[in-house]
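In order of appearance the chains are A, B, C and D, and numbering begins at 1 in each one.
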């Protein structure tokens, strides 16, 4: 059953683990954003998952995967400012839309195909709005390999596909460490900051990785050694 | 010749050594006033001796001890604010007046009698204006034993009398360390500050001690051990 | 709760807004649900609502400039995070005039994105919306920075000039043109001798060795792209002013407006000393300094630094700048 | 030159005054030789000149309040050192009216001594001189402090009220009585979460363990007589307000004026948050809060703290408080 599509419970568990991962690593994210930005990325991301949780409490919880992801989209788009808030919102919105489409298909649920399609659409929207290209040292650098991994994994079960997406995202995160930022606050620092991965990219990796398990600490995943 | 009275050169040397002592210990005085006050005593005292020096440069220097002390009085009274500035000015004013009186006497110069009289008058003026009594942890606690020592030394040469005054003043300084301040900024601290001598009292001791030699550092003179 | 006086993390901004709204209830209204501030007594002659916003931590920007003669609404985000688009959308709808609403946006990715989404929603709702982008920060004027120059101190000058213009009944397109032109004639440079403290941790956002200056610092604790050693303030101001003038090249008859702006915890003694040095440098270079502001106008929490902004004006701009204003933090 | 932007030790104050004088040349004159600031446009109805002064480092106090409706002259001393008597004497002579000059003096030994000597010299010169002593600081209200309560935040309220009164042509004795009565109905309490930095060394004047508050701190970096652990600001403000009200005991119909004052580097976010808490506490205790000020009015260089001042007013006092004022830092 879990082989072909995520059901509502699985999607909900994923989102809950994502929230847990964000809370658990908030301090580490803050520290990263202090080094390359203004130190609020952890707070912004935590505010987003908290707002989504509150939204679901108020509405009595979702009936399906699309609504679970839709709550995330609404929370991030409507309640969270900052640079990353609405960008994550766009990703969740695209995933929710893809989930709704695939639910209409026979078999229903959140398939790997829907995940691949939603992530690709989300990435495209993020690039349209934020104007970043791969290599600018932004969350795009984690989302691009994640989207590619999902596309390549079409046909495999969502759990395996998301694990591959997470691997790609983490690699993307580690690759950002050696980049000079051209977008976002880190860009103002020129070459002064090196060897620090981009916090937004870490947020993307956390999202995919939480499909399998909660991430309690970033440190081991960031070391390139 | 130097046995009965200070001549102009001796008084001038004394004032110059006092200025030198103040500059040399300014940082230590600052540190003391930071502990029990607001940290500006060293700066205020240094500004006073500098203003006196500039005044003498402008007027072409003094013709006698009274004028040398008078320049100090004018500088401190007219140019230096803060609590201690005008109080030191009052001391110098009284000493200058006593020096002028004794210069009119046969033998002339700055006698031990004049020093005793001037210091006593200065102390009285300081107590009138500042309202402090011995034991309040102020410069009065150094000036009172200095005045007593000078009075007791009448008949001895000024150098010896001033050495006795300096000894008395330093003892007074060390005694202030165990007092709880009732006047000046230190009084707001209640019992929080102990074992720190009063900076203003140190200034008084510096003045008398400089009659014999420049004081290059406070530390050895402040330790009660 | 180690350094900031607050009720807990995340309460700093809402608690401040509640207190601000009570303190200035004669001048502003505060929409608690959507978190924006509006002017109670806008000029009846206005046909366009003026709105700005951005991350909090830059007070008095922007809420302190809501009122007659300046902004109709301000949308404060969380500390150093741009407001969300719903906030901007709702506030815009509340203050739009018959000729729409003008967004004054500091050039930061987050602000651009959120104001951009709000603008889409406004278009959808049939409300005309224009944008003036402020991008005065010289330190980020580099090929390597794809996002372009940051918006900083000039924002208050642009808000004041546009406020004066809007009060004459000027329409949306003309305001966009005017604002864009004014913003283009402003440049700013900022330095810091110590970082601000992060509210969450109470610790300095970055460490500066004693005697070093962060030269070209941003207003969110983004470090500058280099440090330099601290010099006498006269030398420092001369250097900074030279760079600003090279970028702006005012003609000998151009009236110039200067803003000497404290970033948080630099003392008023220092700011006036800096203004004195700036005046001397401009006099020596025969620049016509016709107006000036000295104080904390656009801060970065409690950062220990200052920024210099120069604006090349003209008669029209000066008239709008001189027009009456009555907001919580700016009045004449 | 490690933290302060200055040209060298000892130049901070004169450089600032020169810049201040240029920045506000429409409002004030600066006597360079004697180091005092005078108002250019005092009300012609005044018969008494109002003068205040004290150590520098408390800006905008006092020079920022020189102008129409407030002070006729201010005498700034060196940082945290009272002005010298010659400065006070000359400034007093310059602004004395037909009915003399009134000195508004914060209760500090140094200020009392220097204003005292100046008063003697004025008497000698045949100029009538009165004194209002401001001593509002509750933390120094103790038998053990022979010097009496310090003068702090209330100074600006006393200066504003006396300015309004002087503009009506009130004579010297009546002004002394009014000022003394107003000062007697003001109490202040100040706390700090970090010390100011000494200009000479650039180092904090004292070290506070993280999470500790200096409770009852002075405005010169005199430490308080004790520390306490930092609490939520709501709890802190409730405690402080309770102590102030116990000292002042306003009746249910007494109008009360509040000043929420930043000591240097506390942010505007925090000050408005504090005002919000203060408002809540006063409402709960049914105290009639009729006027308030929120901002940096009396600072202690870059100290990270704030003070709360309450003044029990009456109709007359409020009228003077509300009277027009036009100074560099206060205008309505």
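Note that in this section contacts are C-beta pairs under 8 Å (C-beta built on N, C-alpha and C of every residue); 3 or more make two chains touch, one makes a residue touch a chain.
Just so it is clear, the model here is predicted, and its values are computed rather than measured.
Engineer: If you apply the touch rule, which chains end up adjacent to both chain A and chain D?
Structural biologist: Looking at chain D and chain A together, the chains touching each of them are C.
Engineer: To get from chain A to chain B along touching chains, fewest steps?
Structural biologist: 3
Engineer: What chain lies farthest away from chain B once each centre is taken as the mean of the Cα atoms?
Structural biologist: Most remote chain from chain B, centroid-wise, comes out as A.
Engineer: Could you please state the distance in Å, as a whole number, between where the Cα atoms of chain C are centred and where those of chain D are centred?
Structural biologist: Measuring from centre to centre gives 30 Å for this pair.
Engineer: Can you check how far apart chain A and chain C are, centre to centre, with Cα atoms defining each centre and the answer in Å?
Structural biologist: Taking the mean C-alpha position of each chain, the two centres sit 32 Å apart.
Engineer: What's the distance between the Cα centroids of chain B and chain C, rounded to whole Å?
Structural biologist: From the centre of chain B to the centre of chain C is 54 Å.
Engineer: Would you please write down the residue numbers of chain C that are in contact with two or more other chains?
Structural biologist: Residue numbers touching two or more other chains: 79.
Engineer: Chain contact graph: line, ring, star, complete or other?
Structural biologist: Chain contacts: open path, no cycle.
Engineer: What are the touching chain pairs in this one?
Structural biologist: A-C, B-D, C-D
Engineer: Quick one: in the complex, what on chain C touches chain D?
Structural biologist: Interface residues on the chain C side: 1-8, 11-13, 15-20, 22-23, 56-57, 59-60, 64, 79, 193-194, 202, 210-211, 230-234, 236, 264-277, 279, 292, 294, 296, 299, 301-302, 304, 306, 331-332.
Engineer: Considering only the defined contacts, which chain D positions touch chain B in the complex?
Structural biologist: The contact residues of chain D facing chain B are 9-10, 55, 77-87, 108-110, 113-114, 116-117, 139-140, 142, 144-147, 150, 198, 200-201, 205-206, 218, 220-226.
Engineer: Given the complex with chain C, which residues does chain A contribute to the contact?
Structural biologist: Those in contact with chain C are residues 30, 34, 37-40, 43-44, 47, 77-87, 129-131, 136, 180, 182-192.
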